[in-house]
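Everything below concerns the one structure shown next.
Naming follows writing order (A, B, C and D), and every chain is counted from residue 1.
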Amino acid sequence: MNNTELDNKNPWEGLHEECGVFGMYDLSGGDVASTIYYGLFALQHRGQESCGIAVSETDGPKGKVTTHKDMGLVNEVFTGKTLEQMKGDIGVGHVRYSTAGASTRENAQPLVLNYVKGTLGLAHNGNLINARELRHDLEYTGAIFQTTIDSEVIAYHIARERLESKSAEEAVVRACRKIKGAYSLVVMSPRKLIGARDPFGFKPLCIGKRDNAYIITSETCALETIGAEFVRDVLPGEVVAITPDGQISSDCSLCLPQEKEARCIFEYIYFARPDSHIDGVSVYASRIKAGRFLAMDSPVDADLVVGVPESGNAAALGYALESGIPYGTAFVKNSYVGRTFIKPKQSSRESSVRVKLNVLREAVNGKRVIMIDDSIVRGTTSDRIVKMLRDAGATEVHVRISSPPFLWPCYFGTDIPEREQLIAYNRTIDDICKVIGADSLGYLEIRRLEELSEGLPICKGCFTGKYPLEPPKEDIRGDFER
Amino acid sequence: MNNTELDNKNPWEGLHEECGVFGMYDLSGGDVASTIYYGLFALQHRGQESCGIAVSETDGPKGKVTTHKDMGLVNEVFTGKTLEQMKGDIGVGHVRYSTAGASTRENAQPLVLNYVKGTLGLAHNGNLINARELRHDLEYTGAIFQTTIDSEVIAYHIARERLESKSAEEAVVRACRKIKGAYSLVVMSPRKLIGARDPFGFKPLCIGKRDNAYIITSETCALETIGAEFVRDVLPGEVVAITPDGQISSDCSLCLPQEKEARCIFEYIYFARPDSHIDGVSVYASRIKAGRFLAMDSPVDADLVVGVPESGNAAALGYALESGIPYGTAFVKNSYVGRTFIKPKQSSRESSVRVKLNVLREAVNGKRVIMIDDSIVRGTTSDRIVKMLRDAGATEVHVRISSPPFLWPCYFGTDIPEREQLIAYNRTIDDICKVIGADSLGYLEIRRLEELSEGLPICKGCFTGKYPLEPPKEDIRGDFER
Amino acid sequence: MNNTELDNKNPWEGLHEECGVFGMYDLSGGDVASTIYYGLFALQHRGQESCGIAVSETDGPKGKVTTHKDMGLVNEVFTGKTLEQMKGDIGVGHVRYSTAGASTRENAQPLVLNYVKGTLGLAHNGNLINARELRHDLEYTGAIFQTTIDSEVIAYHIARERLESKSAEEAVVRACRKIKGAYSLVVMSPRKLIGARDPFGFKPLCIGKRDNAYIITSETCALETIGAEFVRDVLPGEVVAITPDGQISSDCSLCLPQEKEARCIFEYIYFARPDSHIDGVSVYASRIKAGRFLAMDSPVDADLVVGVPESGNAAALGYALESGIPYGTAFVKNSYVGRTFIKPKQSSRESSVRVKLNVLREAVNGKRVIMIDDSIVRGTTSDRIVKMLRDAGATEVHVRISSPPFLWPCYFGTDIPEREQLIAYNRTIDDICKVIGADSLGYLEIRRLEELSEGLPICKGCFTGKYPLEPPKEDIRGDFER
Amino acid sequence: MNNTELDNKNPWEGLHEECGVFGMYDLSGGDVASTIYYGLFALQHRGQESCGIAVSETDGPKGKVTTHKDMGLVNEVFTGKTLEQMKGDIGVGHVRYSTAGASTRENAQPLVLNYVKGTLGLAHNGNLINARELRHDLEYTGAIFQTTIDSEVIAYHIARERLESKSAEEAVVRACRKIKGAYSLVVMSPRKLIGARDPFGFKPLCIGKRDNAYIITSETCALETIGAEFVRDVLPGEVVAITPDGQISSDCSLCLPQEKEARCIFEYIYFARPDSHIDGVSVYASRIKAGRFLAMDSPVDADLVVGVPESGNAAALGYALESGIPYGTAFVKNSYVGRTFIKPKQSSRESSVRVKLNVLREAVNGKRVIMIDDSIVRGTTSDRIVKMLRDAGATEVHVRISSPPFLWPCYFGTDIPEREQLIAYNRTIDDICKVIGADSLGYLEIRRLEELSEGLPICKGCFTGKYPLEPPKEDIRGDFER
């Protein structure tokens, strides 16, 4: 560790989602652990640091939960034997990339806890902005915290509200009324599977069904992977419960206060898998559209449109379709460079970028190339990729970015570096173009964003600094590790 | 796992201690993790299932604690690199064999938690008898539990009492007034190291000093191992605090209610390391004395006195000294048969006992042998060992046990099986003698027990069924896993 | 292991290459291990079962070699610490997928051995057809074999010929004259790095240079990854030696007997990375061309051309370019489904194919789709993928394969199943089309193959049953495990 | 690794044996792997660096051998699952501590190899003195070596002699006629289990039987552990074969040239387990006798005789019996300080000795103590232990050593340090006594050695420098790693 640069999170620089959730309840009593395992595989792109599954038997002793979680990818943490030993017809799973809370085994989810009514399992995607205050308040009434994740604050509130609630879902609703920020939650109570989505709808959450089993999960791609059918999205501000009688109950009396919706646009642009639909909108179609808008708004004459793999490919296709310039492949990505890639100390010559990405000289030599990427954060990788294209013979390199420039922090779950490190901070687009060495540079225009989501209201905070709810005074990221 | 019998706890049947604790505070600011590691090595006999260390910097950010704990022995859980990364001048360590709370990673100690005044680290040896009630009460005020160990109940009480206490040690005292049972605690607060021992003094706890550093630990052998000097025992019912000014504060106003002391006699007979002193009494001397009493009270004519290794050896020496019959070695113990010894399915012929223990035919052939052991629990191993001695040519085998017969459960931390499984249950000594195939059998007489502890009051519950405090109505062992 | 299907080699069915080699000699004396590590990363697609590196110091004690090899991917087998401890300015590395020789740690390469002149390290890509006879002959002169790989036979011959040779390279040449079949070898002697390629040129081998260091490796992509420049290919039948004076010696007197060249066409179609050039021909360009030929020879009216990722994408692009039908992306591949993906027993519903691949409904719904793949082996995966496209709304699915139908075994290193398992065996193209459920099916025509390699002579044995050299009477694959 | 002192071999300094062997052939066809596993447990004291098992089915395909070997203890290297997968009614096992050949996985035994007649498994205890010459000769006839252990040289000779031999055992005999030095071999051929012991009988080897299965192993304790009966010792210079008809064949025509026997006396004094018999002599009885001789030849007035655990205890008992001075226990050994004990860098205060050994103050305080150890090598540990006794209150410490002073290297398998590092080198006994801080010091007299072995001829080379066969000119230890 001390001799190598553990370069695991950041294949070449980029944004990070923090979590994916997957809950399942098989009303026929079948074991759900292995299906959750497949579901987490399909959500692995949402978090690669740690993962876990907790399952329980609804007709077993109340509160007996089997949990397995650890640092690592789904296929590193789970073995066939582990999964077989996880008996239960109800369960929740989680994949995590940490934004709030340190990267430690203690912080892996699902969080499992005993409280007055038995045992709860809780998986959370999102970031709260009042977690610090809530935590202080809880501590002043004698609470203790064993992790540094927001989810523990939520769990406490559910446990406390449960004392005065008629049902677990009521307790979840009451708890959600106290927390502020982005959250898509799946909660396993002894006899129910509950899903909750914050009133802004920052993060996706949807319901699926396979035979007699129900699923609540972050993305529809997880439903397809396990062969389940999509039932519907959980609405912003909605709390739903799958009960033993097979109802998807969603009592209006239990709804959260209505807010102006504000979906995270980066789910469409980058985070979600292209085969997912979020609130009825195809992620793939959004990306194609973003490419088309770039072709309309930042046209340039060239011979070839290429995407930076994987996330730039769909927008590149859109650009090609709109502009009529041929789509091509310019890069070979080494898919074996995984989470645990180490950069040995011995070596100084080799660059991480080149190990992960190589240019197809044959494809770009002598050509004017339009290169599409989903975002530029610090700009260091863009710089190197542009240079690689030129070294391979590209006569011009025009960079188009399928999102507007980042200028502001995100408080709701996206891991954006300090403002000062953002390439767009205090720079004009021309400046940025020079820094990355491109012949021209174009960003997606802010006015186009809502078209990507087909008119659904979105959060543009990271581009405009205007947030759907008052951000905290201080930087809350990495909080609780103080 | 499913194909092998994981026979790790029980080299050949016997009793189990549940925990050892080791806290250290270096007032000169040196790192304590590696010394705690050595200390835990010296306490490894007290628990082999899991272990852990938590350290903190008293002049660092309040509440920053580095923790490492896992299933396994000290030398399996800690590496040189792990220890180096654990920076801190104050810390607590723990080794565990589970009696209450399942054997899972979640239940490993020390327990580390954030509360209103920062971060606490807590290591606990003993067993509470009112943990279930306390836990229920806490849950009804909105507490959540993430482990199934008693220590979490204690932690909650400390956290809640802290709100109305002037100091961390006052909070510990207030918490201890609520819990009932056996506990020797070491608590690390951001600026203090606190030790607490229950009013009965069931479990040992002592204070040591090395240069400018203080230690609070289960046994004096851990002090000798790290080259520290013994300062004094923590008294039954005492709460002591090591403060940054180097005082061992023990405010009388903060004492626990006085009770009739009731040390666990098995610490002297079996649990503690022979080189330890508990409350001023040498464990080794106790065992020698037990052997002498056996020789006085259960004399027999023979050629050789031998101990069942390791724990029977000292009593055997005492018997030899008192009787004049020569002491000898009859067994070779295979010390490589460790925690993870597996018994392959393939094989049916081999016995676990013989893998672990072999008889020195040369030593016993043609001899009348007195075999000393510390206890008989189920009797199955005794049976086989007696047979092994006879097979090796012993003409007579007289068994002497350096404790009285077990007849009752222990509620305070010793893992005794169901009454029905105890060989002494519903059997006369003659019956037992026949079952194990010995020529004669003698137990230590109950009246001798207090002589072993040099008159210090002891608990005889497991022999007499009379406990120093009212036992719970139901079996509380393995509680919380309901 | 017994409860799960370890599905690691075969993401969904397909062909397997057996090995990649990478040798390096830094004449300036720098350590080469970490650069070899990067090189192996770039060759990982050629073998994922085991890998290894052996290094030596040319000015150190003769024959001191440091080796590290094991089952697993490059990033699983090597850590920063391992690499740092590997001191040496000359070395060879290897990645392996086993065709001859079982998948065991013993069979991992490089093979390192002591012989009369010091120590040899040997990395081999290819398959011998007379290994069994040579081995028998060697055994009858007292040889012993500790692995089941061909390379050990080669090593023996080098060792024996060395006794009568003036130089290590002469010994390699003499040994190569005895072995028959496919081989690209890199041999590290105490003071030289030697490369040898069989007279047919079955497998690629090329030379690169970076500053004062030389590289001999399987593919040019490995040169680009480490920032080395391409010097030239090793010619079929050539043995080259990098000597301490920096010469690339290739003495004509040491050449192998000339044969009609017969490159493995599957290197161009599937095995090699598209950014590599083999004997001057771009792999990427070959695949584009294969797609164009399919469009010319098997045209069909449709709305969209898509490739089965990753290997079908380039041919799909070629098809689109030639036909004018738009290129698109139809699949999302889950790149986290790695070597160690397990299929839990618990679950019967989930299909491995769907975990690894999902269809972009948005892209194909309502469209007539041309789906390009590089080959069909058993046909089971093609069947499922065609069905997935239809389920996603494709109105027609036309399958085009960028190679001719497999009908015959390969004896030179490609792992083709038993003839009876090949879908093309005893079936017309129409039959196959029905089996996989496509609307139409077209294969690349055999006459096009030589155009892919720009006229370079190739081996068509697996399509025609006519091999460049007499195949062995019996099936030799998996030999030596008798 | 670089930050810690991996102190695994040497609990506190001492001598090391290099190997233990265990072969088994079950004529009833039962699987032998798990019994070999138990046998290796019983031999673990003979080597803790690596271990392995190879098994084969005598009625299976000729030469199919399943092998598992790795660095580590028996319980670290083998799991239940590994053993289950090892099918075979004939097998050999090995535990190793390296003297010749580096500590690497490649050098772990058994050595398994294919040769003209199928597959051989070979396990070897001992050290050859002409391995270097033999190896050179073999290399000059084209042999290659993949390990640095002597056993590979033996294997080659067996393979070569097999060509001209009528049977495998004849080949073993012919090979043994060429090798010189110490060897106890167990060889598994496809249908026979063969044992060979060098003409000097340096190392033990014995035959056992359980039901219809035969065992050839290093020590009788391994027979007792698995419940087998002792049949007889393999004689010095004898080669025995267990054949499928259940004969223990030992053809006189196949005997090795007769030599003056020269058993390693350290097997009796230290290496072997006390419950073993070697050539009819009880190891335990030898040690008791050594203690008695010390009492006769180096008497001293004292209050207590104690042994340094574990190996000094039997001699201490002998001293006590002879002298009439009471035997006692002075030390507590921490048996959890195992092979992988690390000494963290952080800590400078703690001593390794004290972690492993503590003094029972109660036992020695105020007493004149005679402390018996089996040997002094460098003297550094003796020094510290004597001091620990004094610190615990011993008024006098008299050291008695149950072997003569080491002065010369061993070429036959015992790992003795450089002469210059031996405390006895160039020092009188008085000097040594001062160095270790004892009040008096006595060694076993050389004339007593043959009495320990009951008159059996022994090797005294390490005491006298006179060896039973001409030692090599150069230091051969660690050879082949040149």
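Quick notes
Methods note: a contact is a pair of C-beta atoms (placed from the backbone, for glycine too) under 8 Å apart; a residue touches a chain by one contact, two chains touch by 3 or more.
By chain, with names taken from UniProt: A, B, C, D = Amidophosphoribosyltransferase.
These numbers were taken from a predicted model, which means no experiment stands behind them.
The chain with its C-alpha centre at the largest distance from the centre of subunit A is D. Averaged Cα coordinates give subunit B a centre that lies 36 Å from the centre of subunit D.
Note: centroid distance subunit C to subunit D, computed from Cα atoms, is 47 Å. Mean C-alpha positions place subunit B and subunit C at a centre distance of 60 Å.
The set of subunit C residues that touch two or more partner chains comprises 1, 81.
According to the touch criterion at the top of this document, the contacting chain pairs are A-B, A-C, B-D, C-D. Those residues of subunit D lying in contact with subunit C across their complex are 1-2, 61-64, 67, 81, 106, 111-116, 120, 136, 139-146, 148, 155-156, 159-160, 163, 480-482. Against subunit C, the residues of subunit A that register as touching in their complex are 1, 3-4, 31, 33-35, 37-38, 41-42, 44-45, 48, 73-76, 78-81, 83-84, 210, 221, 224-227, 273-275, 282, 284-285, 288, 310, 313-314, 317, 321, 326-329, 332, 334-338, 340-347, 349-351, 354-355, 358-363.
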